[in-house]
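Every chain is named by a letter (A, B and C) in the order it is written, and numbering of its residues begins at 1.
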Amino acid sequence: MTDVAMKVPAARRLRWPNIPVSVGIAIGWIAAMLVVAIFADQIAPYGFTKFDLRNRLSLPGNPAHWLGTDELGRDVLSRLIVSIRISLLIAFGATAISAIVGTTLGFLAAHFRGLVEQAVLMLADFQASMPFLILALAVLAFFGNSLPLLIGLMGLFGWERYARIARGLAISANAQGYAAAVRQLGATPQRVYLKHILPNIASTLIVSMTLVFPEVILLESGLSFLGLGVQPPMTSLGNMVGYGREYLTRAPWIMLAPAVTIVVTTLAVSVIGDWLRDKLDPTLQ
Amino acid sequence: MTTPLLEVSEISRTYRMRAGLFGRPTSVHAVDGLSFSIPKGETLGIVGESGSGKSTTGRMVLGLEPPDHGSVRFDGAPIAAPGTATWRAQRARMQMIFQDPLGALDRRLPVAEQIREPLDIHNIGSKAERDARVHELLHAVDLNDGHGRRYPGALSGGQRQRIVLARALATKPDFLVCDEPVSALDVSIQAQVVNLLVDLQARLGLTMLFISHDLRVVRQISSKVAVMYLGRIVEYGDADDLFARPQHPYTQALVSASPAPGRRSTGRIVLSGDPPNPAARPSGCAFHPRCRLATARCKAEVPVLTALDPQRQVACHLVTGAPAQTQDAA
Amino acid sequence: MLRFFAIRLCRALLTIALVVTFAFIVLRLSGDPALMIMGPEAPPEVIEAFRKAWGLDHPIWVQYLDYFKAIGQGELGRSMRDGRPAIQLVLERIPATLALTIPAFLVKVLLGIPAGIYAALHRGSAIDRAVMITAVAGFTVPSFVLALLLVLIFAVQLGWLPSGGQESWRHAILPIVTLGFGGAAVLARFTRSAMLEILGQPYIRTASAKGVPWRRVITDHALPNAAIPTVTILGFMVGSLIAGAVVVESVFSWPGVGRLLVVAVANRDLAVVQCILLLVAMTMVTSNLIVDFLYGLLDPRLRSKGAAA
């Protein structure tokens, strides 16, 4: 009996790629979102700002407007597609920035130790202890708003997690082992950190990225919903929900389509992230 | 007489340790006023228990950490401060073999790429020349190109150590420090790696500092041997002679504890007392609490390394001291 | 013990100092602080008086110190909308925010912690799975979507509750549910995993193996130990009460600090934003200190550990 129980997972492990159904669906959804984001211009049936005044607030299921139209007769599907592009652009851009900033600071802390390390750790503590939404709102209040600023601002979200991870792993790599060996070969610090330490800790960093990514989506959509993130005529998922809120009683579909997209995308990235974490790095959290 | 390739004079290294953040800091004299030199093409073996400061010596000799006092001169010039460009350039001429070959290799790169890395770092040769050199090095350590394509995890301990050796030799260095290079390996593999080292040393005319706690290995590979105890050299001499007639009581104990073919089995000297702790160095001769011959003078006075004859130096009151002081012995 | 709290207090003050520094840097980067704080319509002599009062003619580091001094004395500038002191505007909104966040906090604790403990003790049961699914939903459904869904169902479709405003206690129900649900889900998930980790510890197995009744193992050994990590997340929740209220107050047109912040940001009413920023930092720091104090009570070992860290 135990033999049978042992054999089944072993056989399953041999099959490649060994991906649970939920993770498969999640990857499929993210892939679809990426395709939509990249080919938004080709896929969108209408321009996202184009009015169709004869078809205002038309219901979903209408052959001309599958997801209906809004108050001004703009096609909800087309707006959704463009919103996905903007929201994903911000989320990917911000996640990449925060991973780069955090990892760099973590490496600097590990390399110089002493004061540099204390400063990085102090900033990380500060970042972790202040609600990011409030800091973000403060910056937006002082600087006004633009897409690059928004991406840069979101890029400051979560950097402290990468910094802590990168610092810890780099210190342990430096203390003994391959990094020390390569350094005594005469390698420059850049070479040690980028060619050796980074590839060795990449899986842990990637897992952290999948944990930060959904939070960035939620943060951006929250700011945009409040009217403080992406500004019209540009549109994002949170923006659409915020706009749809005005027509909640008459045309709830305007709000529901982007809301569902936000929830499913966040869920999908979380599912992938949990799976990757179990697979690559069970030590995290 | 040839000028020595490596000249070490009076180097010391002290670590400060604390028990917790608010504990009182204590100084640990890892290495205390060490001097020796290695002529070109020769191998000096350093023997000692853990805590004797032999690894710290290896690191200071390579310039991986600077000595607090004293100087290390390599080929007539001082070693640059760690991390500087000059220091990095010097790495091409001096290399290190580590105790743990798996830890010393990057698990995410094929080993051939790691052998090639010193050539990339020091920008030696064209791409084709580097490839040829990697091929040559793999063969020099009795491996083939197939091994080169593997990752460290797919090689055995002995094969990994040969990869580390090949990488260390890539830039044709003059000087090699081997820190316990075989102690992490199976006994059956140790001999292969040691033989390879002896062979390469002879073939390439390498100068080596060979650190080990294993007397047999040291004897096989070294021309001169230094015995270290708590940061100081207690005995120094020609390898075969030193092991054949050890003078210092500590060396005698070490030699008696190590079985060797052809040596008459005299009574084994068992060391009593605590193993050496560099944080609590005994007064006088650091070995006196464990020495079966210790006298009152040994507790009070630090013995100086003194030439017994041109081939042998010993730091022991009983061996070098005035006869009047030895009456308490026996 | 005393040293432990002294160190924590220093860190708390340091965090406040960092927030003030952050505000100072952002303020200076964004333009002329006199115009920013007083508003562009302020008469020139007022601007000049402000410049003198704030010492804008001094070198930057003197200004930096003066800025600290001014904030220490409660000089937080005036709202550029109605000219009233920013601090007064913020203070009068606090009761409304507390009216939402305190009941919501009780919902989180009274729902989330028991659900998490129950789920951990009955691992794999239907309730455990329900808790886990709800917890995932609590993380992936943003509060503004949840709020709108609740409005759609209970206000628009069923007509049971009002969709916004602050006239009666019935207006508070939907915002409290929105705030409480997400937090309860996070707390349940966290409590569950803390409990599961404790239940896997050798001392729990030892206690039950030597015949201690299971109920006592739970109450005497598991719960006190699981409480330590849970207190941390509770502290963070208390500290981020205002941040959590930002979105919900906006959806339900609830006149609290969160809504004030959104309006202030939209109008670039910098004095008010700066004042709320400091308020949030103080709340956060205070709740962290309380958490540290509770730690000291819950786990005496942490005192020495905290001192060494």
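Everything below uses one rule, namely that a residue touches a chain if its C-beta (ideal position, glycine included) is under 8 Å from a C-beta of that chain, and two chains touch if they have at least 3 such contacts.
It should be emphasised that the depicted structure is a prediction, and the values quoted were computed from it without experimental measurement.
Colleague: Taking all protein C-alpha atoms shown, work out their mean, then name the chain whose own C-alpha mean is nearest to it.
Modeller: Chain closest to the assembly's C-alpha mean: A.
Colleague: Starting from the Cα centroid of chain C, hunt down the chain whose centroid lies farthest away.
Modeller: Farthest chain from chain C, going by C-alpha centroids: B.
Colleague: Using the stated contact rule, I'd like to know whether A-B or A-C comes out ahead in C-beta pair count.
Modeller: When A-C is set beside A-B, the one with more contacts is A-C.
Colleague: Rounded to a whole Å, what is the gap between the Cα centroids of chain B and chain C?
Modeller: The computed centroid separation for chain B versus chain C comes out at 58 Å.
Colleague: How many angstrom lie between the CA centroids of chain A and chain B, rounded to a whole number?
Modeller: That gives a centre separation of 51 Å.
Colleague: List the centre-to-centre spacing of chain A and chain C in whole Å, with centres computed as mean CA coordinates.
Modeller: 23
Colleague: At which residue positions does chain B touch at least two other chains?
Modeller: Where chain B is concerned, no single residue meets two or more other chains.
Colleague: So which bits of chain A are touching at least two other chains?
Modeller: none
Colleague: What are the residue numbers in chain C that touch two or more other chains?
Modeller: none
Colleague: For chain C, which residues count as touching chain A in their complex?
Modeller: 11, 14-15, 18-19, 22-23, 26-27, 29-30, 36, 136, 139-145, 148-149, 151-152, 156, 163, 239-240, 242-243, 246-247, 250-251, 261-262, 264-266, 268-270, 273-274, 276-277, 280-281, 284-285, 288
Colleague: Within their complex, state which residues of chain A touch chain B.
Modeller: Interface residues on chain A, with respect to chain B: 176-178, 180-182, 184-189, 191, 196, 199-200.
Colleague: Please output the residues of chain A touching chain C within their complex, sorted ascending.
Modeller: Touch residues, chain A against chain C: 122-123, 125-126, 129-131, 133-135, 137-144, 214, 218, 221-222, 225-228, 238, 241-242, 244-245, 248-249, 252, 255, 259, 262-263, 266-267, 270.
Colleague: If you look only at chain B, which of its residues touch chain A in the complex?
Modeller: My answer: residues 62, 64, 83, 87-92, 95-96, 98, 100, 103-109, 117-118, 121-122, 164, 167.
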